[in-house]
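Two complexes, one shared chain (chain A), two partners (chain B, chain C).
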Partner chain A sequence: MSDTAAPLTQDRQKLEMAALSAPAVVFTVAMIAFPVAYTIWLGFQTFSQTGKQSFAGLANYSKLISDYEFWHGLWVTIALFVLSLVLQLIFGVWLALVLFHAKRLPGIVRSLFISPFMMPPVVAGMMWLVILDPSLGAANYILQSFGLPPSDWLASPSWVIPTVALIDSWQWTPYVALIVLGGLQSLPPSVYEAAQIDGASPFKTFQRITLPLLLPTIVTAAILRSVDLLRFFDIIYITTQGGPGNASNTLNIYGFRVGFEFFNIGYASALMLTLTAIVFGAVLAFNRLRGAVAW
Partner chain B sequence: MTDAANTDRWIRWLNTLQLVIAGALIMAPTVWMVLSSFKPSFEVTAYPPTLMFSPTLENYVELTKTTPFLSYALNSLVVTVGSTALGLVFGIPAAFAVSWTRISWPAILTLAARMAPGTLFLLPWYVMFRQIGMIGSYTALILSHAVITLPIVIWVLLPSFDAIPRSVFEAAQVDGCSVTRILWRIAMPLVASGIAVSAILAFVFSWNYFLFALVLSNGDTKTLIAAAFNFIGEGSTQWGALMAAATLIALPPLVLAALVQRWLVSGLTLGAVKG
Partner chain C sequence: MKARMLATHVALPVLAIVAASAHARAADFDWMKFKGKTVTFLANNNPVSQALLTYKADFEKLTGMTLKVDGYQEQQMRQRLVTVMNATSDEVDVYMTLPSREGEQFAAAGWYADLTAMAKNDVAKDYESAGLSQALLKAATFGGKLTSMPMNLEGPIFYYRTDIFKKCGLDAPKTIKDVEAAAEKIKACDSSVTPFVSRGLKPAVAYTFSNMLHNIGGSYIANGKSNLCSAKGKEALDTYSRLLRDFGPPGVVNYSFQQISALYRGGRAAMAFESSNELRTVMEGGARLKDTGLLPFPAGEAGQVPTTIGWGMAVSSHSKQPDAAWYFVQWATSPEVQKKMALQGIAPPRPSVANDPEYRKWIDEEPVRKEWQAALDVLATKGSSEVGYPIVANPQSREFIGQAVQDLILKQKPIDQACADADKALDALIALN
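Take a look at the complex of A and B:
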């Protein structure tokens, strides 16, 4: 009997396991960990007009505190995040309930419901750009035929954030709905039956039983959406590039432009690290919330 | 009794109505995009918008004539297939090792990378790729998009590997199979459908990804998504061609998603929900 035919020793097994995850770990360190460390270092550097770099200490971060565009970007990011998340959670739960009571859905119907979030956000931006055109778009035509005033949508500084939130919600509400639907389907049917026997109205049953039991799933959906919403980029870059003026200049768009249009690498690094801290902070906060509503 | 039956029918009717309304709201913009792409150019910008028209392919013809649409599509295909393959090659063994050893930090590491804003890596990548002259290369694009595909593969496959009874592996171990052999001969065939779903999801999200190609590609390697920006620049008179481009770009992910829609939910939530 050869050596390899013997049962594996613990050590040998550990080594083989390490070898299996090694490519993924090495790749992640090379493409993520090392570049992030580099970004942290860049955040402490300043680059002169001639490209000479020097240590700047916390200069980039103190610049951030006094930078109006940073605070404006933070406000835009948070406004867009809150508005989109609220829209998507409310309509997502509603859609999930509707789908749940529809019982059997043919595959083709399900495919149609997932189609918005399977298409590239860039394409969603392109098609809404045409639909929401202030003078020739179909949206204003529909509004006007109902006797409602037309809107400038993406071209209006005061409407651009709600409009972008609307586009994103069109795209991702079905996603939230599918997650919540999964939660609904895993609830024990016995609780409904008990409520029915007790003569509770459908609304009371939802408010007192379904909603509390669904909360952990809803928070999960909120986490998954928050990660995307706080670093909002694609739809805005395609439709407004942060405009009109700077009305939709989210932190991610602002950081991108500072880095790749103004080539202020040091300051862009500080901006992106701050945004990353915000995203991870939000995820941690939601995670604690999920712990609090778990059952 | 008839009263209760009546209420029941009412509720069911109300639910169907809501389903139809939701479906219409979800479908209408996409339908409008596809319709517009088949409209003659003078009718795309007609106001009030028209629903009845004689469909034409002129927008698609114009798109392929006035832009290098096909070479963009080829670039997208190379980058997407390359990064999906890389994600599978790195991700399958890693998911298997995480599932077996219950040492989860490699999986969490890739997920954390997925949650950070892409610009965070794009800055140092740009600086580094420029120094070694790799801006605009397929290699740089494939490597950057593998950052999208790798966590998808790992997190979609983890529950599949977890679902295999341990006794299956232990029996193989007693027979003297090496871990690699167990993965290749026993575990991978058992999770074949999971691998297919993870590959399709990885493909879709790599295809849809915008930011990296925007900076790391050049005129020769520009992907469809990155080029979409240029189509818009051509102005509102080109709406027909714009909608034709949008329709064609959205087609591959939509077709693939339709194929695996049944398994999508658990995959899309990275295992957060068992669906």
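Take a look at the complex of A and C:
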């Protein structure tokens, strides 16, 4: 066999592999690229109330700047994002530690702990809507049984954001806990043995060893939750539809209504692309943080 | 724009001609003409379509066609429709529509096929287009084009607990002021119940608020401008929001038909102002069967101007088989099918069905059904189909009405500011018309 035969065969193999995978690659790229490109194109169009379409240049984007609902939606989105993420990370880490240390916890109890995130958000939304109903719901009944004043929960402009954040955290904290639990199980035992020999207290061990070593895992969980939280939609759509008033009108809910209820697809596309840019920005920022805390 | 009065005597001359022509052509009518074709129906999964689709097999047997049903909840159905129509796709042949909500918008966008010619040229002997509610047909006619055929007749009506009224020494309210006085008295007499409940959810408010506004004598538009800040407009906003704030359940700003029906059915509300369609839900379990009275919403200074609307069946302008699609629309809105639906509690948009002996027998079985039908008779004769602003952007106009009402319920703005903010936003929408 000559010296050039082997590289030729390798090249041929690479070509064959590329040819075989090409349809799947083209299909995948098209499935991602086409909707994005189409949305970008729609963002430069304006639609009249009757659906007539015309080129608008950057008009949809300049409208964003003076649109009170956009800025309000952005504020609501960020408020929900921060509150939910903080709650989910704190309680997620706590739940992971409980599950990690309670080795003798029966499987069924472990499954119950992590079951909420397996529930479809629509079901979770409907369930909490009933529980938190100020007149008929169990939440106020329990509060009043303990002599506490009832709350309007989702019907109160000042309580709706914390309430939605609590519902989302109820559902997604177990997901964060599962990720963190995976991280806990991969931590090197030798470090803990050394800490034990040095007489470190459990709190010091957690503060100085567990938490720093877990940070990359926690940031990964934060990235995964951030993408969902910035696109907050389903639970709000089911429970409040952005209300009362516009108190829970996130950017995603606002864009949906502009597009599908008021038929202004061009402006809705501009809103959604702006939201996409915000999501990308947040993911990039967290990725950098992840790089900084990696060990 | 003047409200569309749904008086039955306002028959459209064009429909009389349609009916006469149809009679002549009926002899040639063949239900099997489109045998083998498939018609796709985009349905709102509500009690109306559920009752209709009980008889899907009958349609397929009668015509030899296949009926493909694409069913969604109301908002999801509209999303699907917007996507299909914007793509000028022929995926949907027939769809359900609310002319009072999206009629102007869809007609202006050219999404409705014109049914005038179909109703004239291709009708079965017993179809009787003229037998359908002329008022609802008029409400579905835009620019002289008939855009949909009525499936039902509905509107908000007043449900009240006769036992609580008796206990508190109250008579059935005749005026809006009586409703307020009754709410006040019930609040003092029986603290275990919510005196009054109606819609407080922002996009849902217009349905019930419009009835209050019209009864009080207000209008949405005067001289081409939004009219919520007129004296009557402010009175309607103030009365509606005060009733809900002072006598409604906590969290009423999130209340739509589901919550209202559940509250009333559970015996936790003394008065409810909600859709006639909810009768079946409210009566589930039978707890409210013997202690409920029903009325059209009590009169204001302008008397009773109830809100009357109906779901319609439209043929898509992008359908490649509008004639076959029309056969399905015709079957679904025929006297025979509408009678079957009526016996399931779907208020018929045909006076002939409403007077049918079998239907009347069903109505007479329960006093509450009699009162329900009596209220519907008032809706059919006196109703207005104006729910929200009679403009192309009607769905968006409902948001601003709801916002003004919620601002007042939650005491976030004084009435002058709430109505002025709404008028400003609504004037911008009117200008787009």
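Throughout what follows, the second predicted complex is superposed on the first by the 266 of 295 C-alpha atoms of A that agree within 3 Å, B and C clash if a C-alpha of one lies under 4 Å from a C-alpha of the other, contacts with A are read in each partner's own complex, and residues count from 1 in each chain.
Throughout what follows, contacts are C-beta pairs under 8 Å (C-beta built on N, C-alpha and C of every residue); 3 or more make two chains touch, one makes a residue touch a chain.
As the structure is a computational prediction, the values presented were derived from the model and not from experiment.
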Worksheet entry | Superposed partners chain B and chain C on chain A - clash or fit | clash
Practice prompt. Name the chain, either chain B or chain C, that contacts more residues of chain A.
Written response: B
Worksheet item: What is the contact status of A:175 with respect to chain B (first) and chain C (second): first, second, both, or neither?
Response: first
Fill in: Contacts of A:62 with chain B and chain C, given as first, second, both or neither
neither
Worksheet item: Is A:133 in contact with chain B, with chain C, with both, or with neither (first, second, both, neither)?
Response: both
Fill in: Partner chain(s) touched by A:260 [first = chain B, second = chain C, both, neither]
both
Discussion item. By the touch definition at the top of the document, which applies to A:157: first (chain B), second (chain C), both, or neither?
Written reply: second
Worksheet item: Where on chain A do chain B and chain C both make contact?
Response: 133, 135-136, 260, 265
Fill in: Touching residues on chain C, where the partner in the complex is chain A
75, 78-79, 82, 85-86, 105, 108-111, 194, 201-203, 249-254, 259, 262-263, 266, 268, 392-393, 395-396, 399, 403, 406-407, 410, 412, 432-433
Response to the item:
In the complex, the residues of chain A that touch chain C are 48-51, 133-136, 140, 150, 152-157, 239-246, 257, 260-263, 265
Fill in: In the complex, chain A residues that touch chain B
4-8, 13-14, 16-21, 23-25, 27-28, 31-36, 38-39, 42, 94-95, 98-99, 101-102, 107-116, 118-124, 126-131, 133, 135-136, 138, 141, 170, 174-175, 178-179, 181-183, 185-186, 202, 217, 220, 223-224, 227, 230-231, 233-234, 237-238, 252, 255-256, 259-260, 265, 268-269, 272-273, 275-276, 279-280, 283
Practice prompt. Would you tell me which residues of chain B are touching chain A in their complex?
Written response: 11-12, 15-16, 18-19, 22-23, 25-27, 29-30, 32-33, 36, 45, 47-49, 89-91, 93-94, 96-98, 100-101, 103, 106, 109-110, 112-113, 115-128, 143-144, 146-147, 150, 154, 173-174, 176, 178-180, 183, 204, 207-208, 210-211, 214-215, 225, 228-229, 231-232, 236, 239, 242-243, 245-246, 249-250, 253-254, 257-258, 261-262, 264-266, 268-270, 272-275
